[in-house]
Every structure is written in structure tokens, then in C-alpha cells.
């Protein structure tokens, strides 16, 4: 039941053309869920201020294109398409404006310059983690966060990380991306006092069991202020980092 | 090398009593680690603004007491002692001012009223999760966050959670605590647009494998904006929630 | 917003004492969740027709007693209390009418004779599975199902099971309870054409890993018509079995 | 020993052409197993009323074709072939009447219109779960159940699910299909009072470990009335749902 | 239906007092399962020649005593009771003749001297494995096998094992019992040409995960002629070893 | 040191051309391992009476060919080559006499008719298990055992297995091959009184985790007299079954 | 066959009292294993120079006492007894000279001052890891290594570790002991260029799964020069560290 | 801050053109990390004496080529490139001097003859382990260690290993490489008294779970002096073995 309908019903009650019992029966059976849907949906749209996000994996290029165009028709821009392979990206090229980066397999459709605010640092253990890092970084950027990249600062060469302590110290949020033993999250967590989002990656071999070693390591990290997202979930980290980065100040 | 020593050395260079080469040799071999130690340590002290935290498990009452008193001697207050059983709490009673709650096995030593700001909601699936919830809630409170408790709003009775949507919507951070299937985190994540910290608990039996089911569920949650801490890690969630809650507003 | 309030509001609109805009504002902000709560809750009460269920583990005797009395005050009877140890049962003795069986650690508070209908067969592999079997059987009985027990009919002595084929064939639902290799579910599933609910138990040692062997076995069973509940979850099986057993006939 | 043979033997005893001892020797050595085979087999055919089912995976097109034709020769129709890839389906095209859907990789050979009764709802968390959903839905349909599809009603957008509460409430059985965190089963389980069959899917990545996260989540679900089948086992869920849906009413 | 009944029925047919149709109806509904039961059961009794076995764990002393006496009443002797703790053994003392060894928690009720034949070697890696070894050894002895014990011949001190090569070479079956890395089974398997039964034990700590390390090691062993039983399943190994040891010679 | 050398040395001592100390130094440093090697190796050759076995996987056709020819040059025949794909088999065709079966990927080089003795039954749960079954069966046959195949007698259709009880009862060894829930081993174990070798297969999907479900099921089986080999290890089962089948009779 | 016997035999051959064939038969059947035993055993004694080691867990105080005295009778000293609880230690007190430390549950029987050489650094993440650290440290000391303890230098407070870089740099071997995320091993491995032995501990809770998180982390560490021992295996690390520390210099 | 800058600053202080306070401010804010970086880096270069190592997997041929040339420009030689497939090796051919072995997928760029010292033995269980063995062996050789290869000495044919005891006894370090049950490490560990580095490999099938069986086996090995690296990590073992092999002698 949309607001117009509700208004119309109440006016009928007011005018006497619809009785109270009839109106109540109407209201009682009106799918509140749709109201709920509208309300929540509306809230989402308003509150998030962010473009919509599509999980590209498991959707055809045609499906992706259709959804993007539908969203754009409603005014959406900076629409993120995650986990879209190069083939699908090529198929969509020219259909609508789109920036695509094959490294994180991420596209931004109907890209628009928006002001980038705050400071999200994306730190990574090794060069193999860069696809996940870029998924995080470009997600946060598309949603309006300024991002600083600190790649290849793994803990086995601590000096590389220590030389960037000042950069870390100025961050509002740090995303620590690491595979193998995933120790970066703990070390970074001990160096900064802002929230740290740890992203385990499936980089490695043998007893890393598809990222399990980094995941467990990060969950058990001894530094406070660190939380963890799913293995290789760069998008999730970037999305959450932007959300935290964009926070308004607390009031007493 | 402390600052006094450095000043002394430079003065000697200025005065000509120490040559440049000699000074360089001195500086080169000066243990930068100690400088680093001091600097970082100092930063921690200043930045965190929070009371110190002691992990009580695996420490004797005597050790805990000693550390707390040493911290208090340096001016610390609202010192959190986590995972301390009732026996140790009893042993410490009367030695210094301390508030102890046996449910989360948490103490606040040298408690002091501090203004509580912002809004952290702690939501839980069932009554058995309350010890973990309280560890999270009381940690955040001891660090200065205002906390609202929404207990027993598990997803199997969705109406309980939905009746609190407004409370959730006003939160700056939500901590979702759940054992068994851990679905609460996803459902809450879909209802709010603030950061959600998910805490899997070991509550359950059989194929929950000590909290693994809730942990995996939360890591794989399909709602954006959710991150996860270790199983039963109420303290970690409360600490991080306070950190996010206390954030200053972003500047463009 | 309860119906009375809604009726009152509509009457005010009808009478003109409240304007359409004001009424709409009221309706828009009225917590639909509470309506939802009431509705769903009401439905649960009406539809299930079953007594309430309390998970006794992790609750004190005092808490259990309080909840039971509150439910009874609203007219509930045959209230199931699961996983309650003997100590708590003893503490509650005499406080209200209650039947308690220490084997499945199950109580029925305010017990009342109700007609038992249909046919639920509970079959078990070995005598050690009996506590789980009884939890299932007594749950189904308390909810109104007639239950037939076929214990100790494990597959290593097939003749024991085969001698009961007729009993199995007349069941409306079969609950197959087995630990160790959990093969009973598949074998039973191949013998009957009614729904089979498989309950893996943690009975065994070594590579059964707390019931994992039976759980995986049952999930991979090659007989159609079998589904699985959590390890040792006799209650869940009994509850579901009763629900299926009580089904009304399908209409074309 | 078929009935004709038995009758013939008894007539010979009656006529005196075969003595009692000879008949007993005959009966004693008659392979009761074959009688058993026939009987059970016969019962299966009669009781299930359903077409036969072939697990297509691991069989050649030639083997599948042979078995289907043999079954059809005995009068079977609506013969389900599960997990058959497009290549094999193409190889069989034209050999006999067959409806094939590449999404669930499911075929119905010798399809025949049968009346669809009752109501099975297939609800899914996301669009990637659709192949498993369709395997469930088309299985149930081929066996005679009326199926309603509620796709993409995952818990991260609760309003989508809540807007369908009435549809759920009218179901005789609900199949809840979900990957990732698998929370759909619990949420649905809390909304309805009919049996719910949960199907975990392998959809996801990282710490979902091939469907393990959804599987454990569903097994640990806190809603009563839910049971679980193997990961991606749409067929199993559809088969069982039909069996429950087709149940006759219980008698007191 | 027992043979007498069948004979009676056939005689009635012969005499004409029962018609063919009536006899067929009788035969058709006669519970073949009971025939099956009797037959199989009888076979077990005759073929195994071995005393009965009771799994003592999870049974009360009273239950154990009752079963043992019932078996003895039917003439059984050398009745094995496995996994019975000292408390239960003490409770049964004096009730009937029984030999009890607390190390393997094994009793032989109504013990009787029987000739010990063949040769079963039980080899173990370390002294901590001895309880499992003794369960195997005493089981095989109670069933009639001659057993030679080679304890503490683990692979880290290869000379200890090599000094017993001749003993191993003369065995008809070897039981290799080892915890930790379980390498004994492979090494023994390479030294002998008789069947080797490997028993992983839960002895160890850390990454042995309750015997998993030895179990996997033994399953992956590169020596041919080795098979594995459950972790700590000394009884199973002893039972199978006796069965192999007692085999009659093959005929061409 | 070969025997000739030893004899020569001793003769030199006898003749006085080599002193005792010199001889001792020689003997002390003589690599006893080589003697050991020869001895053990010789024993293997003599005792096993079986052709040699090559694990073909991971070896090139050229390597396999070379080893086979070297063995044949020493008189070996019926040389088993396991896990050799069709490509390698084709590359070796014509080089020497060889029988190859692509189903179990097994070859017998220099095949020779040998008398087949005893009775090994290979029983399987489903048709997908046949490659593993054939690896077991053809291995046992190549080593001299008579093999009876009972395929597709899975426990979900018990009548198929029960109709073959007599065949099972006459076996000297049974190999039970099954994937999915692996229940066949327990059921067979309860029907026979000869040794049963259980082979879990990786056939299945979802929560079978590459054969883990069948493996755990078989290890936890409640029937005595069953042992287990590695997942899909048909060769190991066939080799061991032949070893048991060929046993000479025990002597008192 | 001991050397005396061999010499005697050769002399007999020399003297002609024993023929060549007879001598060969003797030598051929002489149990080479015993020679092997003696040789290897002797080598062990000579080469290791270290006291014997007893794994105290699973042995009675009486057994431990007996073995220690037997070893001492042969001249052994500094005999290590690992994993011996306080009760057993108390039972042995006064029986022979022994130093016992309850923290690592480690005793040194017949202690003797030996020169401590080289430099083994034992570094630990937290205070809860100290029992494992002390097992490592005291083991290395008892075997003759000089040990430096760096406790509580976990990576979450990097300054603590960095302030000890010089100490680490002078070590010949570093033992890195850490639970939880086990990151210490990688960080230390990046700071030093000597061998690093990583010891995961079971310290932690939740998703550390008894030390699995630290174990996997350490195995996947990205620093070269690190190897790992079993969870909580302080003894193993200390033993190996001493072995490496005591190495003689390499020759070109 | 480089040394030149520091010298310049001090000269300015000496000359009076910069005051002490100004210099201190400068030094205080000078990024000590860069000094740290230089120092540590420098130390690494000097101490390790080894060529640099590149992990080739996940880098393009172009990236590898660039890094190698940059290193060579600074004087590096014997630069190891690990896990580089043949395609990339072919792409780099001719660009600079490089030795490539496709078996371990290992290249040495700018190869130079260096003296090989000490003795590292690489022992392997089977021929399939050779790629991992060669990665270990060629790594150690490139870094300056003399390597002896003992391949195919698995424990199922103990004589092969025992015939090489002397070779093992002369090693300064042994690398034991084995898949499947990984028993080689324990057996070798019991035969030698030098450090043993165990490398589990993923060779095997079924319940080896990608190398897990060998890994757990090696971690639980009962021989002292053994430590473990990641599954298939030949490089790590070779690197560590060289480090230990090259050790200088301990001083009292």
C-alpha cells in the first residue's frame, strides 16, 4: 500500500464513503510488508548515499547490463560491479559508461567524480594480495573515501611497515590484507588506534588450506580493535571501511 | 637514547668538544628501538585515552593485583580485567576499589564515572549468549560508550527483532552476538546502515563444533557492513565498538 | 498499535476530530513491528496447538520455574522442558505438577492427557542412543503423536531390523537415531516410503569426532526421503515428526 | 519365486503330485530374497506413485537411454534424470520424449501431465541458488506437487521475505535453499508452522568451504521444525517435500 | 513361521482342509523377516564359534551382569566385556566367574581354557599404547589365538624393531598399534608378508587431534597389505586378527 | 657384500692370506644394509609369489616401460601397473604383452594364466563405484584369487543385497566398496563371518568431502571383523584380500 | 653378534677348526639386527652427549623412578623428565637428586653442572606461553646450551620486540613461542639470520582450536629460515635448538 | 634520513648555522624507519651472503625480469626464482644468464660457481616427491651447500634406507621429504643426530587431504631433533638447511 492509497482510504473514511470496519479490514489485510519494503528500501537509498552494488559472479553479462541500466534509470551512479571477469566486461563495453579494472575484476558503471573524504589505508603483506587490495580500495573510493595504498609491507621485512608508521597513524580506518600467516593484521593493530579491518586472502599453498591459516590467525590476533571479513572479501572490507570512515562525530 | 642525551650530544657538537664523525657514530649505534619504544608507547598512552586492559585468564590474583596497582600508581582508572573468575575476584576484594560482575567475569578496577557518549547497541540471539554480551557491553561502557541492550531477539522469532528496528536504526555501532547458526548478524546487517560487529558464541551443541557454525555463518553473511571477531570475544567487540563509536566526524 | 487503537483513530477521522494528514503521520510512525509481533505471535499460538518448549540448559531452576508458571498462567499445559539435569528437576519438584525422566533429561510441566494420533516410529541403532531416542519420543508424545519404539535394531544385525519391517511400513514418520556409522537412516530410508528424520548421535569414540561420522553419513545417505537434524537433537526430531504426523490430508 | 509358481506348487501338493517334504524343500531353498525383492520392489512401485529416478552423473548417455527405455517399457512415465549435463541431454534428444532444463541439469523423460496437488514453497536466498532451487521445484512437480517459487528473498533484505509471509503461511511444506550463511532456514522456520526442509548450497567463496558454512548453520538453526539435506541436494529436498505434501490426513 | 507350521500348512493343503488360495494368503503374509532372523542368527551362532562380546561403556553394571548371565545360561563362555571401568568390574565381582584386567578395561566372563592356535603379533610404538595393545591381545586370546607381544618398538629407534624381524616374519597376522605419527604400520607392512591390521591410538598431544594424525598416516601408508580400524579400537583389531588367524587353508 | 665375496674373504682367512683383524675390519665396514637389502628383497620375491606392482601415476610412459622390462628380464610376469591413464597405456602398446582396462586404469604386463583359488567377493554400493571395484577385483585376480563381483547392492535397496546372502556366506574375504554414506561395510560385516575389507570411495558430492563421509562411516562401523583402506584404494584392498584369501590353514 | 664372537669365529676359520661353509652359515643367520642395534645404540650414546630423556606423561612415578635409576646406574646424568605433574614429582622426591620446576612440569634427575655454550634465545608472545617456553629453555640448558629468555614480546606491541633486536641478532638459534595468531615466528624470522624454531601453543580460545591457528600461521609464515614443531612441544624445540647451537663449524 | 643528510645537519650544528633545538626537532621527526630500513636491509645483505630469492608464482615474466635485472645491477648473483612455470622461463630466456630446471620449476639467474661446503642430505620417500626434493636441493646448492640426494628410500622398503645409513650419519643436516604417511622423517630422525628438516608433500590421494596426513604425521613424529616446514615447501627446507649447514662452530 503506497502512501497515495493510504491517503485515499483515509479521505474516504473522512468523507463517510468508507466505514471504519471496512477501512480496518482493508488496513488489516494490507501487506504491511510492502510498506516495510518501501520504508526500509527508501531508508537504504537515502542513508547509504552510496551507489548500488552488484555481485557479478554467477550473473550473465546480459543480466548485469539489465540491472545496471535499470538502476541508472532511477538515477544511480558509481554503480559497483564486483567479481566480473574480463569477458563479461568486454561484452558490456560501450553499452554504458563504465570503468573496469581487470586486477580486482571490478567495474564502476556510470562513474561520476565525487569528493573523496577522510582516510582509508589499505596495507598488504605481499604483491600477490594486490587483487584483493584493489577490490577493497576501489570499492571505498567509489563510495567516497580517500584511499592510501601501502602494498608489500609484510611482517617478514618489518622495516618496510615501520617506515610507514606515520601514514598508518593518520588513517581513520586501516584495511590489512594478508595471506599465508596473516600476521599483518596484528602488527598493524598494535601500531594504530583506529579500527582495523583484516582481510585474509587465499594466497599461499600447502597448509594455508585456501586461506584458513590467515583467517584463523586474524581471528586470534592479540591486538585490540581488529575485526575480520571473509577470505578474499576485498569488497566487504572496502564497503565497511567507507562506512566507518564517513562517520559523523560522536556527540556527548 | 633519551632526549636529554641527544641534546647533550648536539651541544657538544655545537661546542666543538665532539666532532661530526664521532657524533654520527654515536647516533648510528644508538638503539633506535628504545626511541621507538618510547615513542610508540607514548602514542598509545595519549591516543587511546582508554583505561588499560588485563586479560585475567592465566594470571594469578596476585599478578593481577600487582599490575593493577602499578597502573593505578601511574594514574590509570577504569582498568578492565577480563576473564577473571569469581575466586580471583574474591581474593582481590578490598585491596583496591573494584566493580566485579560474575556473569561476564569482568572487573573494572579504580572505577570512575565518565561521560557516556554515542550509541552502541548490543543485540543477542538468546539468553545463553548474555555472558558474552555483557563482556562486550561493559567493556564499551568502561571505555566511555553509551550502550543499549537488546537481548533475546534471535531470528527464529523475527517479530522480537523487528519491534526494535528503531532502536537499531539510531545506533552508531551494533554488536550482534549469536551462537548456533549465527544468523542474527546478517539480519541485523540488512536492517541498519552503521557498522555491525558480529560475535559468534560457542553456545549450542552437536554440529556447532565449539562456535564454528556461528563463526562461518557470520563470515559468509550476505549483508554488507559486517565484520567478525573471535568466538566468545565479547571484549574485542566492545573495545572496537567503542573505538568506532567515539570517532570524530570526517572532514571533506 | 492494537486494533482498538486503530479503530479509535479511524473513528476520529470519520468524526473529523483528526485530519487525514494527522492520521497518516500516526499510521506511518506506528510501530508496524508491534502489529507484526502480535500477529505472528498470535499465529504461533493458534497454529502450533502445541505446548510451549523451554531449552533448559543454561537456565537456572529459578528461571525455568518462573517461565513455566508464567506460561501456565496463560493456560499452557504439556510444557516441555528439554535438557534439564536432575538437580534442577529436583529443585522444581513440588512447585507445580511435572513429569520428569532423567534419561532424556526431559520434563513435561502441567502434564495433561491428550489424544495421541497417527504413528511415529523411533528406531535406534544401539542401546547407548536411547537418551536421544527418548527425547524424540517423549517430545512427540507430549505434542500429541502416538509413538512406537524400535530400539537396538542397528544394521550390523540386520535381522533385528528386518523383523520389524511391518511396523516400519505402517509408520507415518520414522525417526532413525544412530551414532557411529549412522547407517540406520539409509537402510530404513530404503525400507519405507514415509518421511524419515535422521538423528546422528555423538555415541562412539575415536574417529566419530563427536558425532561427525554419523552426521556426514546421514547427509550423504543414498536413500531418498531422508533429512537430518543436529547431532543428539532428539527434541528437534520429535518436534518435526509430530508436525508431519499431524498433517491434514492434501486436497487435489 | 513369483506368485504363479507358488500357486502351481500348492496345486501340485493339493493334487498329490508333489509331496509335502518335496514342497517344503522347494520352499525352503526358494530364494526368499527374491520374494523380498519382488515384494519390496512392488511395494515401492505401488506406494510411491512416482516415476523412477536416475542419478545421471557418472553414467553415459547410452546407459541413461537404456535404463529409461527399459523403465518406459514397463509403463513408467515422468522418469526423472538428475545431474545430467547438456551434452548427454543433446545425445538423447529425439530418442524418446523428454523435457530438459539445463539450469538444474534435470530431465523428465516420457513426461505426462499429472494433477498437481497441495503446496510446496521453494524459497531461496539469492539468484545463484536457483539451479538447486529448480532441481527441487521440478522434482516435486514431476512427482505431483504444486510448487510456488520465492526466489531472492535472502535475510539481508528482510522486507523481501516478509512481503511473502502469506504465501509462506499457506504452504504445506517449505524448502529453504541458501548458501553463504544459510540463515534463511532459521528465519523461515520461525515464520511458518509447516515442515521446513533446508538445503545448503555451495554458493559462496572463502570460508564457506564448499557449503560447509551453510550446512552447519542450518543444522544449528534455532527454529524448530527444520531438517536438512546434503549440500546442493535439490533433488532430495524436492523428493521429500513431495512425500510430505502428499500425505493423507492423520486419523485420531 | 517355523518349519513345523509350514509342514502343517502343506499337510492341510494336501488333505484338502485348506485351499490353495487360503494357503497362498497365509504364505504371502507370513513374516519372512522372522525366518530371516532365525536363519541369520543361527548362522552367527554356529559360524563364529566365538564367545559373545559386550561393549561395556554406556551400560550399567546391572545391565552387563544381566546380559552376561543370560548368555551363560545359553551355554556361552569366554564372554568378552570391553571398555568396562574398574568400578563396574568391582560391582560384578563374585557374581559370576570373571577375569578382569584394568589396563585394557577388559573382562572375560565365564573364562575357560581353550587351545590357542596360530600366531598373532601385537606390536606397539610406545608404552602409552599398551592399554590398546592389551585390548587387542586379550581379545584375540579369548577367541583362541596365540598372541606374541612386541611392545615399545617404535620407528624412532629402528633397531628395536629390526631385532624382532624374525618374530614378525613368523606371524600369521600382525597388529600394529601406534599413536603420534603412526609410522609403525608402514614400516611393519614393509617387513612382513602377512596381513597387517593398523590401530591408530589417541596417544599424543597438540596436532595429533585425538588420534587423527596416526589415523591419516596409517590410511596413507605406502606399504601394501595394511588395513586400518578406528582410533583406539583394540578390540576390533583383535577380533579381526583372530578371524584371519583362524582361517582354514585355501583350496585350489 | 654378496655371498661370493663373503665366501672369498673367508677362504682367504682360511688360507692365511688375510689376517683376522683385516677380515674383521672388512666385515665391520661391509654395508650390512646391502645384505639386508638382498635378503629382504629376496624374501619379498619368494614369499609374495605375486608379480611386482607399479604405481603408474606420476611416472612417464617411458619410465613405466623401462621398469616393466627390467622386471620382466628378471622373470617377472603378471606385473600390475595401477593408476595408468589411457594415454600412457596407448604409448606402451605393442612394446610388450599387456592387458589394459581403462575403467580401473589398470594394466597387467606380461600376463600369464595362473590358477585362481579361493573366493574373494567384491561388493559395491552403486555403479559409480565400479572403477574402484574393478581395481580391487583385477588386482586380486592378477595375484591368483578367484573373484566374484556383486555390484550395485547398496543398502538403500536392501533386497538386492539380501538376495546374495549365500554368495557372501561362501566368500573367504569380502571387499565392500561404497561412497556416500558407506553403510555397505557395516551391513555386509553383520552378514558374514569372514574378514571384510572396506573401501570408501570419493563418489558423491556436497558433504561427502572427497570421501570423508564414507571413510568415517566405515571406521566407525558397528560390525566386527571389518577394516578399512584409503579412499578409492581399490588396489590396496585387492592386494590385501588376495593375501588373506591365499592363507594356509592354521595349525593347532 | 658382538665383536668378540666375530673375532673368535674368524680365528676358528683361520685355525681350520671351522670350515668356510659353516662360518658362512653362521654369519648368514647371525641376527644382523642385533649388530645394528648395538651399533646404532652405541652411536646414539656417543654422539648425542646428552642425558637421556623420559616422557613422563602416561608413566607412573614408580616406572619413572625405575628407569631413571637404571640410567643413572649406567652413568647417565642430567636426565630430563618431561611432562611430569607435581604429584609424581613429590612421590619421587628424596629418592635421588632431582631438580623439578612445576611451571614446565620438567625435572632434571642427577643434575650436574655442565658448561653452557653458544646462545639460544627463547622469545614468547605472552605470559601464558611461559610454561612451554620454560620447557624449551630448561631442556636446552640441561643439554648444555646457554639460554636467553625474551618473554612477552608479542607482535601487538612491536616496540617490546624491537628493543631486543640486538639480543636476537647475537643468537645462534631462536625459539619463537606463541599462541593465538602465532605471528611472532614470522616477525622474528624477518629480523634474524639464524635458524628459527617456531613453537605454536594452545594458548587462546575460540577459533584457535587448541593451537591450530598458531600452527597454521607458523607453517605459512613468509619469513625464510623458520621451521615448526608440534603444538606445545617446548621439549622438541629445546632439544633441536641445542643440537643446532652445538654444531661445529662447517669446513670448505 | 641518509647518512649524508645527517652529516650535513651535524656540520650545520657544528658551524652554528643550525641551533641545537632546531637539530633536535629535525632528528626527532626524521623517519627513523628509513634508518631502520637501511640498517636492517644492509644487515640482511651482508649477513645472509646469499643471493636474493623471488617467489615466481603470481608474478608475470615481465615483473620477474625487471626485479632480477634490478638486483643484478646492484651486484647480486645466483638469484633464485622459485615456482616459475616453463612458460615464464621461456619468456625470460636470453634476457640474462639463467639456469632453469622445469622439474622443481626453479631458476638461478646470473649463476656463478661458488664453493659448496658442508653436507646436506635430501632424502625422499618416493619418486613422486622429486620435484619438491629438487627445489630443496637446488636451493641449498645455489646458496653454497654441498648436497647429497637419497631418493626413493621410503619406509615401506626399509632396506633401501638402511643401506644408506653411513651417508646419513655424515650429514650436517638432513631434509626428509615424504608424502602419504610421512613416516620417513621419524625413521631418519631416529637414525641421525644432526638436525632433520621434514617436508610433507601433497603426493598421495584420498585421505591424504592435500598433504595433511604427512604434515600431521611429521609434526607428531616421535623422534627428537626434527622440525617441519609447510607442505611442498622445498625452498624453505633448502634455505634453512643451508643456514644450519653453514653455521660456524660454537665457542665455549
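In this document, chain identifiers A, B, C, D, E, F, G and H correspond to the written order of the chains, with residue numbering beginning at 1 in each.
Throughout what follows, a residue touches a chain if its C-beta (ideal position, glycine included) is under 8 Å from a C-beta of that chain, and two chains touch if they have at least 3 such contacts.
Treat the numbers as computed from the prediction; the structure is a model and nothing was measured.
Asks: Could you name all chains that are in contact with chain E and with chain G at the same time?
Replies: F, H
Asks: Looking at the contacts, which chains touch chain A and chain E alike?
Replies: C, D, G, H
Asks: Taking all residue numbers at the chain B/chain C interface, are over half used by both copies (same) or under half (different)?
Replies: The interface of chain B with chain C is built from mostly unshared positions.
Asks: Which listed pair, A-G, B-G or G-H, shares over half of the residue-numbered contact pairs seen at E-G?
Replies: Interface equivalent to E-G: B-G.
Asks: Which angle of rotation, from 0 to 180°, maps the CA atoms of chain B onto the equivalent atoms of chain G, to the nearest 5?
Replies: It works out to 90 degrees.
Asks: Rounded to a whole Å, what is the gap between the Cα centroids of chain B and chain D?
Replies: 51
Asks: CA centre of chain E versus CA centre of chain F: separation in Å?
Replies: Once rounded, the distance between the two centres reads 24 Å.
Asks: Roughly how far is chain A from chain D, centre to centre by C-alpha average, rounded to an integer in Å?
Replies: Centres of chain A and chain D (C-alpha means) sit 39 Å apart.
Asks: In chain A, which residues are in touch with two or more of the other chains?
Replies: As it turns out, chain A has residues touching two or more other chains at 32, 36, 40, 157-158, 162, 165, 191, 206-209, 212, 215, 219-220, 224, 230-231.
Asks: According to the definition of touch, which chains form touching pairs?
Replies: Pairs satisfying the touch definition: A-B, A-C, A-D, A-G, A-H, B-C, B-D, B-G, B-H, C-D, C-E, C-F, D-E, D-F, E-F, E-G, E-H, F-G, F-H, G-H.
Asks: In the complex of these two chains, what residues of chain D are touching chain F?
Replies: Per the stated touch rule, the residues are 31, 33-34, 36-37, 39-41, 57-59, 200, 202, 210-212, 215, 230-233.
Asks: Within the complex, which stretch of chain D touches chain E?
Replies: Touching chain E: residues 3, 6-7, 10-11, 13-14, 16, 19-20, 23-24, 27-28, 32, 35-36 of chain D.
Asks: How about chain F: which of its residues touch chain D in the complex?
Replies: 127-128, 157-160, 162-165, 203, 205-209
Asks: Flag every residue of chain A that touches chain B in the complex, lowest number first.
Replies: Touch list, chain A to chain B: 40, 43-44, 47-48, 53, 115, 117-118, 162, 165, 169, 172, 191, 193-195, 197, 215, 219-220, 224-231, 235-237, 239-240, 243-252.
Asks: Spell out the part of chain A that touches chain G in their complex, as residue ranges.
Replies: So the residues of chain A in touch with chain G come to 125-126, 154-158, 162, 179-183, 185-187, 189-191, 204, 206-209, 212-214, 216-224.
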